[in-house]
Amino acid sequence: MRTVIKGGTIVAADRSYKADIAIEDEKIVQIGADLSGDKVLDAEGCYVMPGGIDPHVHLKMPFMGTHSADDFESGTRAGLAGGTTMVVDFCLPSPGQSLLEALEGWHAKSQRACGDYSFHMAVTWWSEQVFEEMQQVVDLGINSFKHFMAYKGALMVDDDELFDSFQRCAAIGALPMVHAENGDVVATMQQKLLAQGIRGPEGHAMSRPPEVEGEATNRAIMIADMAGVPLYVVHTSCEQAHEAIRRARQKGMRVYGEPLIQHLVLDDSEYRNPDWDHAAQRVMSPPFRDKSNQDSLWAGLQAGSLQVVATDHCAFTIDQKRTGIDDFTKIPNGTGGLEDRMPMLWTEGVNTGRLTPNEFVAVTSTNIARILNIYPQKGAILEGSDADIVVWDPKKSKVISPETQQSVVEYNVFDGREVTGLPRYTLSRGTLAVDDGRVCATPGHGRFVKRAPFGEV
Amino acid sequence: MRTVIKGGTIVAADRSYKADIAIEDEKIVQIGADLSGDKVLDAEGCYVMPGGIDPHVHLKMPFMGTHSADDFESGTRAGLAGGTTMVVDFCLPSPGQSLLEALEGWHAKSQRACGDYSFHMAVTWWSEQVFEEMQQVVDLGINSFKHFMAYKGALMVDDDELFDSFQRCAAIGALPMVHAENGDVVATMQQKLLAQGIRGPEGHAMSRPPEVEGEATNRAIMIADMAGVPLYVVHTSCEQAHEAIRRARQKGMRVYGEPLIQHLVLDDSEYRNPDWDHAAQRVMSPPFRDKSNQDSLWAGLQAGSLQVVATDHCAFTIDQKRTGIDDFTKIPNGTGGLEDRMPMLWTEGVNTGRLTPNEFVAVTSTNIARILNIYPQKGAILEGSDADIVVWDPKKSKVISPETQQSVVEYNVFDGREVTGLPRYTLSRGTLAVDDGRVCATPGHGRFVKRAPFGEV
Amino acid sequence: MRTVIKGGTIVAADRSYKADIAIEDEKIVQIGADLSGDKVLDAEGCYVMPGGIDPHVHLKMPFMGTHSADDFESGTRAGLAGGTTMVVDFCLPSPGQSLLEALEGWHAKSQRACGDYSFHMAVTWWSEQVFEEMQQVVDLGINSFKHFMAYKGALMVDDDELFDSFQRCAAIGALPMVHAENGDVVATMQQKLLAQGIRGPEGHAMSRPPEVEGEATNRAIMIADMAGVPLYVVHTSCEQAHEAIRRARQKGMRVYGEPLIQHLVLDDSEYRNPDWDHAAQRVMSPPFRDKSNQDSLWAGLQAGSLQVVATDHCAFTIDQKRTGIDDFTKIPNGTGGLEDRMPMLWTEGVNTGRLTPNEFVAVTSTNIARILNIYPQKGAILEGSDADIVVWDPKKSKVISPETQQSVVEYNVFDGREVTGLPRYTLSRGTLAVDDGRVCATPGHGRFVKRAPFGEV
Amino acid sequence: MRTVIKGGTIVAADRSYKADIAIEDEKIVQIGADLSGDKVLDAEGCYVMPGGIDPHVHLKMPFMGTHSADDFESGTRAGLAGGTTMVVDFCLPSPGQSLLEALEGWHAKSQRACGDYSFHMAVTWWSEQVFEEMQQVVDLGINSFKHFMAYKGALMVDDDELFDSFQRCAAIGALPMVHAENGDVVATMQQKLLAQGIRGPEGHAMSRPPEVEGEATNRAIMIADMAGVPLYVVHTSCEQAHEAIRRARQKGMRVYGEPLIQHLVLDDSEYRNPDWDHAAQRVMSPPFRDKSNQDSLWAGLQAGSLQVVATDHCAFTIDQKRTGIDDFTKIPNGTGGLEDRMPMLWTEGVNTGRLTPNEFVAVTSTNIARILNIYPQKGAILEGSDADIVVWDPKKSKVISPETQQSVVEYNVFDGREVTGLPRYTLSRGTLAVDDGRVCATPGHGRFVKRAPFGEV
């Protein structure tokens, strides 16, 4: 079967132009004028863009004997509903667990994904075994390794381990990533605040201020520099971390920063909401920051010092959040966002004049595809690319509401905000997942995307 | 006729891949595996890249009753010999002269160009007439206006005029450019140095230190910001100017910086050469800087805070240079570089690991094509693009020498340096200008490239 | 007669210690324990500090055929009431006028000053005569020359003149000062805003944004650097100017910045007050800035990158302000502040923990005395120093109100703010000007303070 | 007995003036014109300055079963010979050892000191006992606690311990100090280099590049910020650490940086000296840096972003150094400098025009006296201050040589350099230690100087 997207304006990271697109066997096979096919999707008045890639999600993430609420089915469906055709989850071995064994678990639970996905592997402990298995993980199609500098006593690794792992990444052609917060300081701050009687969600933000993120970012960069390897910093939320990244880049280092749509749009006043549930639902790490940081993040996307917009989608239900009802350190960390990332970014970024449509494509799809070494299979509208495509209607509006969302949780941190710019169609490898605005994603359609190692640095 | 480039690796700004290219009627008509054609160019072992674009040249530039030595024929031939398939010259109206009249003169003298070319229009004076003619200039296919903040009493305009002209650019969809040095300070420094008896080429560098460039860059950026228009800073030569550009970009401004290959590779020790001719041949503005600035410029290309590598090719003969034999202020400003830009940048940038081949393409061709709004007609290997292509042999070496160069001047600032990485073939709109390393450019083949105005900012 | 200040804690820029002070013949003659004298001032519970020096005031400044409202009598009385024992006014020759002639005028109108004073000389035009007279001005006890980079068509000088004058300063041991705003840009912005129909006080702030000040500061610094002379930047109001100063200092340059108490405490929301009079009364240049700049200025005082707090006291009556009732460019620029500088800075700086009492003394008195080369005659509590002393009661409070102020104008930009920390006594060369909180200053008591030139730089 | 210093120019941190000084009972009792006394020291043509304070020395420091070569006698004699009248050593408890017990040991070995001294206490391990003893240490006259972020497995403490100790410092009015290098990274780099066969002194510098110091400095600053306490960074050797300090100060934090005279003057080319002994004798941590860092350090002293010049005097004999003959990690870390600090700084700082004589006094004496809370007992020429005075002859020259030095080691890192500016007299609490250039220091004359805790921060 040949599907044709007709009458739209193709928007790539480097240019915009009018052309039709023909799709066969999951791939883009032709781009040109006046194409015809078995099935025609009308893109008149629309931008036709590479489907979004969200490189930072946690679906069915194990947590205190339960799991984050959205699984690969609901999570990828939410993504597709918002124009995101691929997600990258984090495989999290327990300390002591084989990376390979953990990976099997992740493959097992992603079977019903509606859209394509990949995994980053987390290095949560260190040993000869981990060192050896990292090569096997690369051979299995995973070229990125995540390191937590926070979550002391759980996922956190120390500087020694970071340095060893980063050197290992350099040797096997993999990209190290960090969650950058100083875990020692956070843990002490948490105890101090609890001891002072501060137990509510506002304590969460107080225990991990921007200084703590800026410091860890700076430290990870130094260690990457010593190891001679690029670095990807997830969820860059503040000027202090951004400054460290800029400073490194100005020395010629290859360091990437990933603001989340939440940090671009929301601020820490949310934690002072008198409604405990409201505040707790916004608890994530790093926390929302004061508004001045938003200017920094937007400018980073404009200047190219920050490259990727993600979500860290990790949704917990109201009940799960209430685990921390009398102790903020027990509130599960995470918010949703998968469905809202692209409409929110278009609304706040493109409609305001901050970003061009081409830059929107770059930061939602093309840049991360290049960084993760899956370009132009993903992240591109080119002949031969996977037909992961969103037909974007810049006039279509809606008000975000948990009532109408795909995520299984009962609330939404963007609840009540109006967005203008939404998918008319979303295609996952040529198959419609959004049809004229209606979500029709197919569980199990999604496939694991292998990512080849990088050449020598 | 159908020409096919076979067996090479296409290197674009965003990716590298193996494919053949078919060319018909001056355009790329097909990209794919196993193409055939009437004529086949063997690209085995080569990178196939968009031809270089040098956005900053002065060919047959009027000067003290004579002209810069390379004209459009020898200049564009030199470019093609080094893989550069398009140049942009500066149309320089005399103060009081109609822009349109000046433009006619520039069209007249470019008739024998071997490769494609365009013009920037200089705003060298200000009046209602200039204000009006700027729109006509845009209508004639020129979307960029150059302003000199130095050369007091000649080309220089003051802040008032800059602001008026920048606002005019904003209104008509044009991009303002600046030569950024504080002309008042330079003029005073020159007089002071002459009064102190410093008359040799070393005085040239002393009269225009990096501070003077940094200041003017900062000032132009502020004025562009007030006018609400992007800014292109030509020949960014030092950390101080680069810092001003970075600082602006970190606020979200759209400011572009253009290092020259000379400033990336050569330094101010050249002016202390005891041979007057040697030193005088290196006199250009801004002058070569001390070595520490080179790190800054390279890092800018790596980080994306600087986007384009140019030459400011403006060659003068030994005799012309000697006009300033006893007064450095009379030495004609300018050096060559058109033939050497790409081989030198490949050698010092790619072979050293500073830049990837994709970044090389970005900074020599694709970025400037996008900035000047001629992408993807130029700067791209895409179906439909002009067949301006260089087949780059990364193993081919030579030692740069005036004996073997295309430029008509008798010396070369890179004389004696070995480069590795040279064109096997250069094609200008499908026509061979370098054939297996042999220059065979055709005078008159080059055409003026119209550049459409920008949409609303 | 011997006056003794008993029981207080002496606070100097470098230390605090308990001691009494004995005064004879206008000088401090002894510092020690248990001193006795003819007259005793009780300083129990008080800090005894060097009287404040306000290096930036405009008393009876000529303006559109009239004068700023406070003259040397009311102005210096206001100063003394607030603990300021010396002011430095600006002698402003008309373009074309002899500096010496202008200076005579300034001496004439300062005869009834209640406290000591000095003058900065302004360079408002340039010629051989100005060049020559600058030496004579230095010989007459003035070692600082002010330059206006704004007020186009009136006081403004261009870069050429700046450079010439700065070089002259270097040669004669004088300190150049600048009012740093880009006058060309301001003038164009004013015309543009008026043309758009913006005629109210809000237009004042819109016509001279921080960018315009940052640029001019950066430019003046470069010119001072070329001239090899230190630079004093008056009324540094924003991060952008502060950044330029910091950047210069980090290269080892001797650049000083002077925030005003107004910019430390008030912000640009005042210009959006619907009451035209309220807004117009706050019109000064640079205008109040958005709040984020205040953090930058306070941090500058803490870090030492900014050294002096002044007022730019230039008070106009309600009627005078109304000259600009339908055109913001005609509103006379200036606000009061002389009486409030020290209490406001103590309240917002010391009582909040931002500054130590020693730092308070440094930024209100000692630093500027050193910069202006009158230390330790002024700015010090040392034997031999002039007995310009304030006995500061840190517990004394009041609410600022025009009803109770010394200035002759009918309003006060700090109206309604409570200050804690006020003079119990102020002594001008040993004579009481504030006696137990009651103002008793003597017109004509003030004397001109000669300032010797600097040694070789 | 009354000693009078006659005819000199007193140079304090804030001013220079001609006056005589009278001394009785170890104190300055009078400053004024034409003083007379029992004994007169001729200061004609000299500057009379507060004796230098070196806040960073290691005398008889325990090391691998032996000690650093200079003890309190030879070390303080060296200091006095060069104008330094007080040193501060580091009391280093072994991990597990009581702070109080260690302190007794330090008191015991300092009995023969020729000049005054104090101690910083090191926090080399952490426990309830250490927490409690810190208060007792403060009560015993020590208000500063040193923390090592390097020397893994020996003195190093981790971030947790830093944070706990910094908070404790805040509570008890003490100042935390750090040796800032990332010990984890250094240890790994050392192993890596040894594994690569790099065993010579050049490996020392390679194992601890500026990045490693910059990172640790940045981290310590963040932790101090969280703890709400000022921070003193010892031996700031590079731009990267200085940048972190500047950045903190620009946010209003109270952070101090201490360059060493070695880093101001010497560079890392020393480690490439083919003579193993020459190179090994320069091994210290942080190592000498490339020359570009020197500009940064000098500018810091000029701008006030760095405040103190020290030596980290820790001298080892040739034989001791040879412990590391086949393994750079075993070369004892340290160089001398106590005798040379002031003459070298005067020569390279004042004679070159970088620093004024007042700034020289500030950075060698007054600033650290204020930071350590012993001003004006020390660091001042004031009535009541200890008579620690150097009469400085700015014309006196010598060539530095181990032959003529006071230190017991056989070499000198400044060997062969000519200095101009040397003590004519040095007085330690009124007693001559240098008499007309001849060293006559008295062992046992030196006394422990108690330092009171700071008030609330």
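Labels A, B, C and D are assigned to the chains in the order they are written; within every chain, residues are numbered from 1.
Here, a residue touches a chain if its C-beta (ideal position, glycine included) is under 8 Å from a C-beta of that chain, and two chains touch if they have at least 3 such contacts.
Chain by chain, the UniProt names read as follows: A, B, C, D = Dihydropyrimidinase.
Small disclaimer: the values here were computed from a predicted structure and weren't measured.
Asker: Which chain's C-alpha centroid is most distant from that of subunit C (Dihydropyrimidinase)?
Answerer: Farthest from subunit C (Dihydropyrimidinase) by mean C-alpha position: A.
Asker: Could you put a whole-Å number on the gap between the CA centroids of subunit B (Dihydropyrimidinase) and subunit D (Dihydropyrimidinase)?
Answerer: 53
Asker: Could you please state the distance in Å, as a whole number, between where the Cα atoms of subunit C (Dihydropyrimidinase) are centred and where those of subunit D (Dihydropyrimidinase) are centred?
Answerer: 39
Asker: Any idea how many Å lie between the Cα centroids of subunit A (Dihydropyrimidinase) and subunit D (Dihydropyrimidinase)?
Answerer: Centre separation, subunit A (Dihydropyrimidinase) to subunit D (Dihydropyrimidinase): 50 Å.
Asker: For the protein chains shown, what form does their contact graph take: line, ring, star, complete or other?
Answerer: ring
Asker: Can you list the subunit D (Dihydropyrimidinase) residues touching subunit C (Dihydropyrimidinase) in their complex?
Answerer: By the definition above, subunit D (Dihydropyrimidinase) touches subunit C (Dihydropyrimidinase) via 13-15, 246, 249-252, 254, 295, 298-300, 302-305, 354, 366, 370, 375-376, 380.
Asker: Could you list, by residue number, the parts of subunit B (Dihydropyrimidinase) that touch subunit C (Dihydropyrimidinase) in their complex?
Answerer: Residues in contact with subunit C (Dihydropyrimidinase): 158-160, 163-164, 182, 184-185, 187-189, 209, 211-212, 214-215, 218-219, 222-223, 225-226, 243, 247.
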